[in-house]
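Listed next: structures, encoded as structure tokens.
Both of the next two complexes hold subunit A, though its partner changes from subunit B to subunit C.
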Partner chain A sequence: MRDIYHEHLDEILVEVERMTHVVSTAVRRSTNALLTADLGTAEEVIAADAQLDVAGETVEGKIFELMALQAPVAIELRMLVAALRMVADLERMGDLAAHIAKITRLRYPAAAIPDELQGVIEDMGRVAQRMVDQAGDVIKTKDVSAAQRIEATDDQMDKLRRSQFRQMMDASWPHGVEVAVDLALLGRYYERIADHAVSMAQRIIFLVTGEMPAAQ
Partner chain B sequence: MTNVEPDLDTVPETVGAPGAPHEIHVELGDRTNHRAPSAEPDGVIELRDLEVFYDKFRAVSGVNLVFGSKEITALIGPSGCGKSTVLRCLNRMNDLVPGAHVMGDVRFHGVDMYDASVDVIEVRRRIGMVFQKPNPFPKSIYDNVAYGPRVTGMKPKNMDDVVEQALHGAALWDEVKDKLKQSAYGLSGGQQQRLCIARTIATSPEVILMDEPCSALDPIATAKIEDLMVDLAKTYTIIIVTHNMQQAARVSYRTAFFTAAADEHGQRTGRLVEFDSTSKIFGNPSDKRTEAYITGRFG
Partner chain C sequence: MRDIYHEHLDEILVEVERMTHVVSTAVRRSTNALLTADLGTAEEVIAADAQLDVAGETVEGKIFELMALQAPVAIELRMLVAALRMVADLERMGDLAAHIAKITRLRYPAAAIPDELQGVIEDMGRVAQRMVDQAGDVIKTKDVSAAQRIEATDDQMDKLRRSQFRQMMDASWPHGVEVAVDLALLGRYYERIADHAVSMAQRIIFLVTGEMPAAQ
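Take a look at the complex of A and B:
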């Protein structure tokens, strides 16, 4: 009976890791849709977000049941608490990917991002997706050093955001208010996806060490 | 064209939020176990290099423990790890076991409890014990409580007051005040266990030892005893042996984990593995053996 409980515990992290793959795909596809004004892909990303929410609720239900019935302690308790928080992070990352897709839908058939600004969005999308993938790997390996490295990747996102702001605050900004608003929102969405990936990495550090890393 | 480096810290959290972001002050509470009154136990009872033998069999070895006054300390571990043996050393109950002898130091307020000059009856008056199964005497409720003060030679001015106070202390008075002369055997199991606690505190001890006091009780009676323990800890030092780890987690301030390990002759001897605040033991224990035991992955 205890073995079945431990199998269920192990399955929780497998399911959370599986959710990172779904989010990674959503970030990649929403960025591609944005850069190519691909309404079909954008709609698919938006629709897939509901499925991610259902997956998150299912994992939450399993965590709740294990907490209620098995009275977990020590690393098992830390694991379930960490998983609960990571599921919330992943659901929110999915929402943010859907928000990116909704900007594509809003501006369709026009492209939301002018050609000369696509580079920074492409970079932001790539960094965000890499951080989601890194978070998934860290869930699988429980490698504290790798978890700490995710924060270094987050620094790249911050640099991109600064670069984006510099472009928008330039006095000769030629693209008007609408593009500036879209770009500010998109920068915020990618930055928040990165922040959630950092938060997930911190949960894994807590799971392994029992100590929560200091807030940055 | 501007060359001002944008400062992301000044960007409002929500795009479009009016004005500057509000500064939020959050008072963070003490993250240590809120029940632990002090960082280190004060040592009302101290064990130094404790070893307990039953004839040639070494049941427990190398135990160093410092108990804090007016705290609840839980002793946990698998069967045969020596936790009950250690508990019985704390008021010399092992003296009653043929062949049992103790080496090392057991100190109560710094005094060697096993010194030849120490009065064993006085030790057991000041360090009382509640056992696994409720064991009221075949007497009335009143006489059960009055028994301790009478046999230990206490001469209270008014025994009725002593009995009433002890029954209040054990949260039993309201249930028995109208039937004090009735047999204690008429009480439920949970009431009998609280009567045994009343009998113990009637002798005004400083320390109460409890050896699995709830193992024969249902969850409601268990909850009453647990509430009572927390209440009693305002006045008494409580040391409890329990197999119920959730009970240890719920009621105790500190927890000691014992296990048994085989020596070079294959003889299994109980040893203390880890002693720390209960929140540390159940949240993030230092020793893998503790973690394996409390998560059920032992062995």
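Take a look at the complex of A and C:
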């Protein structure tokens, strides 16, 4: 039987994993809101971000408490520090989903994304959400090769971003500056969500192997 | 006389403060390179970012070592966790300065910023650099009211970003999509550098007062 200390440690990772579900939902809903100019959903994503921050602070509080009470060393210390960083990653990912929702709100009742550009945004949203889900799985399974696969998924995000830039820089771009600026920022937000998922995967790899994968 | 443990703790904050100088230089030089289409300086900023990461990892290693060997509690634990987060902030700020430099490189030999738009970028660079410098001072002095002033400086960044958006969204915008996309991303990078400086200030306020200022 595990002692109370180790039960508390396990609980923390469970709560971090639970945060990945909240972020995954936020990414999916903010993308849907963007593609359908759905102000109600956008507002809900923005409001949910504050709840995610509260959840993050609660987990951080528990981590600090364990650090202070148990003075963990070696693997437990590494785990708690990794958890602290993953909570920070997830809070940031929630902010980015809220930024996506804010672009929907800013352009409402118009749609921010013209029909013929929805494909790339839809793909970016799907890839970002998949990476968040993968990060959640990796927290649960501690599966190093699954963690490494998140980086492979990230390559898809890079490709999408490059394809988006090519579209915008085309001399025949018909959508004007406002759409281009929105798309550039949206692309950046999705890319950063993906980057944070990769960081989380790297923290788990470090936790399991003791070795930090090469910096992105 | 302070014991070795507390000397090590002090040293860590000195090294974090030293990183703020490196970041301040990177922000200044990346802005200059951008405004003068100076590829050599841009390349140097990009190369220096890798050195900053190495410096950050070294400080992180020392923090882990102190955590593991000394099992710090209360204020010392809080300080080490704050230092860990400030190192992450500074590494990220260095990345953002390198992103600015990469836009210079991408557009070279052309200048990324048309002459009449240089003013706002120059101001953003100056405000960002000032905030990094202020964060460095606050690490040294632990002056809570100086830390709070960083947020006031951040208001200037918000104003600059709004003014930049107004310029780009003006119907008579003559510079095309490419310049608008570059400016939108540059504005975002400077804004994020400023955000991280605010986060650092908040961590110092938390360290000194035990209370976290309201989230940005």
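Simple rule for what comes next: the second predicted complex is superposed on the first by the 214 of 216 C-alpha atoms of A that agree within 3 Å, B and C clash if a C-alpha of one lies under 4 Å from a C-alpha of the other, contacts with A are read in each partner's own complex, and residues count from 1 in each chain.
By definition in this document, a contact is a pair of C-beta atoms (placed from the backbone, for glycine too) under 8 Å apart; a residue touches a chain by one contact, two chains touch by 3 or more.
Keep in mind that this is a model prediction, so the values were computed, not measured.
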item	value
Partner chain in contact with A:E76 - subunit B first, subunit C second, else both or neither	first
Subunit B versus subunit C as contact partner of A:V14, first or second or both or neither	neither
Subunit B versus subunit C as contact partner of A:D158, first or second or both or neither	first
Contacts of A:L106 with subunit B and subunit C, given as first, second, both or neither	neither
Subunit B versus subunit C as contact partner of A:A184, first or second or both or neither	both
Touching partner for A:R166 - first (subunit B), second (subunit C), both, neither	first
Subunit C-contacting residues of subunit A that also contact subunit B	71-74, 77-78, 165, 169, 181, 184-185, 188
Complex interface listing, subunit C residues touching subunit A	53, 64, 67-68, 71-74, 77-78, 81, 84-85, 88, 165, 168-169, 173, 176-178, 180-181, 184-185, 188, 215
Complex contacts: residues of subunit B adjacent to subunit A	1-2, 4-6, 8, 15, 245-246, 249, 282-285, 290-291, 294-297
Touching residues on subunit A, where the partner in the complex is subunit B	2, 5-6, 71-78, 158, 161-162, 165-166, 169-172, 181, 184-185, 188, 209-211
